[in-house]
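Shared between the two complexes below is chain A, which has chain B as its partner in the first and chain C in the second.
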Partner chain A sequence: MGQGVHVQELMGIGKRYDIDTGDRSTRVSVVVRRDGTRDLYVFTSDSEEPTAVLELDEEHARKIGAVLAGTFFEA
Partner chain B sequence: MHGELLSLGALILIAALIARLGRRFGLPTVPCYMIAGIVFGPGTPGPTLIEHPEDLSLLASLGLVLLLFHLGVEFPVEQVLGSGRRLFVAAGCYIGLNVTAGLVFGLALGWGVPEALVLAGALGISSSAIATKLLIEMRRLTNAETPVILGVIVIEDLFLAFYLALLQPVLSGAESPLLLARDIGISFGFLVLLFAVARYGARLIGALIHSHEDELLAIGMVGLVALVAGLSADVGLSDAIGALMIGLVVSRTSVRDRVERLVLPLRDVFAAVFFVAFGLSINIADLGPVVVPVLIAVVLTVLTNVTSGFIAARLYGFNQRAAANIGLTVLGRGEFSLILATLALAAGLDERVGPFVALYVLILAVLSPLLASQSRYLARVMPDRLLNPNWRYVREETISTACTHLDQIRIENTDIDYCQACGEDGEWVELRLCTSCGFVGCCNDSPNRHSEAHFRETEHPIIESLQPGQGWEYCYVDETLVREPMGSNRSESRSEN
Partner chain C sequence: MGQGVHVQELMGIGKRYDIDTGDRSTRVSVVVRRDGTRDLYVFTSDSEEPTAVLELDEEHARKIGAVLAGTFFEA
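What follows is the complex of A and B.
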């Protein structure tokens, strides 16, 4: 399953990344738009409607990414 | 001079404020700019900021040119070519149905054949900007039908290029069919030339405008675009098509990404002037007589859109909700309709085309976000038998699978309880059903992995787990789980076993 990340082209907008979280009812999709904006879609129920959608600019996306990846520490 | 600057500034600022107000209610920006032009133009009682719309004509045509240039620059050529036949069929159905309906409607109006051709385009080609914004705002970027919607609007842009090339010679009114054929020939010749430049001369064009400094790149770009647009207007094509084509050329150069970034604010500003200027040319008293035909056209457009949404959904194996979403999201009309109306007015066609398109765009601008957000109610009343007849649909639910092969699912149940390749006495862990042909094979944890071998042989993309209580589906091509709900009664029947 491609290491659990599936990429799909969204013509004219950017790319969609589906990330499996190991649990079938929980998954995360990220749309990276060509202008750098990231749309974070979170699905936590069996419904196909997203539970939460965040629109992040590049800077905020990077901040969240850094924290998630564990490369950002603050005592 | 400073008087003009004052009124231009006031008008543009008002347009921006109206658009901001409109955005609060989820309205697209293009019609808001147009309203500013209509309200403060010479054709409407009350304050008039700009007496002569033609004073803005140079700025407005720069707006039109930059609009189409940007479209060309960001046109995803490779992705369109690699997107497969099915998308072209879906887009072809959409365009064919909508443009034909527009043409028939235009002819029935009896304003004349060139007018009908303009209306065919104005009614048939949807607004990429409106559809894209709707998808983002309605949080539908990860829906299954979204790639199809985006593909359709991108192919529509391509169609627009050809339509403009065909239309301009007709509008310029050649005296005989022979001359008309010649003009169309020249048009397409010029198109082919620009295609050739795009294919072989992109490096040269890139070198011409290339600079490491953004300032110089931006100036070179604007100069080049205006030059090519003017040149194509000179040979009898519209400036619009020249701008679009040079955009495609630039999209193949190394400066593409920077150009895309630099042109965006310029495009936004000057395109707004273009929409405002269009509004200025509209006399509010002319809107009354076209109300009835506009309403008929709106109903017609909704019908053809919903129909083509259905066709696309059927092609891709989507459910009713996706069908409704496709039809209602691409409903918005905007920049392209106004461009076509501008061409018509410039060519001296029937003056009713202007107010007609203005009112049509306004109504659909309000209607399309409204209808698109309520698509579930349309989905509720769509009968199953119009889609894939063997499936049972979960009509109103959103599908968000990333798999595009749902249409190849034919079989979802079987009585076979052994791997057909291993034989009844073989060894396996779990069984998988090929949903295209019904072959039952062993899974990838089994020694022989016959299911995957079957996919390699036949390219049948989707398997379903036959393990009691599981019932999931997996697509080998897209390497993804096919998410429910998809239809079929498998989950209930399996859990009973």
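What follows is the complex of A and C.
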């Protein structure tokens, strides 16, 4: 599962995950902070600047994650 | 788990999930197609136009989902 994901420890902050999307010109980075919050960065061009940035608390990040992973089931 | 997620059947295509982010001005939509591919739409303003759109195959969507959900472990 680790292929295509680069993990970097951010001292005192948490971990940063850079994830391939299968397309060279797009990528996704997620910073998982120690308090559980996640910052989602979406890059859709070769620019260093993210196209979109979302700050998510743990609950909302889990929901989006479950939908993407295909493990979301309605209550 | 279903709270904050609106699911809509897209006839012949798959399912669309609209997911709250906890912030009124941002939201995420995911279209899960029958063939497993996912389209990720990130909205970071009140505009109807998404700020970023990503087309993901199942494998890459699962990885991003696992990182967001906190279930990603390095191989």
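Everything that follows uses one rule, which is that the second predicted complex is superposed on the first by the 70 of 75 C-alpha atoms of A that agree within 3 Å, B and C clash if a C-alpha of one lies under 4 Å from a C-alpha of the other, contacts with A are read in each partner's own complex, and residues count from 1 in each chain.
Going forward, contacts are C-beta pairs under 8 Å (C-beta built on N, C-alpha and C of every residue); 3 or more make two chains touch, one makes a residue touch a chain.
Being a predicted model, the structure only gives us computed values, none of them experimental.
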item	value
Which superposed partner A:D23 touches (first chain B, second chain C, both, neither)	second
Which superposed partner A:D57 touches (first chain B, second chain C, both, neither)	second
First, second, both or neither for A:E48, with chain B first and chain C second	first
First (chain B), second (chain C), both or neither touched by A:V32	second
Partner chain in contact with A:G70 - chain B first, chain C second, else both or neither	second
Which of chain B and chain C A:L40 touches, first, second, both or neither	second
Which partner reaches more residues of chain A (counting touched residues only), chain B or chain C	C
Contact residues common to both interfaces of chain A (with chain B and with chain C)	1-2, 20, 53, 55
Contacting residues of chain C [partner chain A, same complex]	1-5, 7, 17, 19-23, 26, 28, 30, 32, 36, 38, 40, 42, 44, 51-75
For the chain A and chain B complex, residues of the former touching the latter	1-2, 6, 8-13, 16, 18, 20, 24, 29, 31, 34, 39, 41, 43, 47-50, 53, 55
Of all residues in chain B, those that touch chain A in their complex	74, 76, 79-80, 83, 128, 132, 135-136, 139, 141-143, 146-147, 150-151, 153-154, 260, 397-400, 402, 472, 478-481, 483, 485
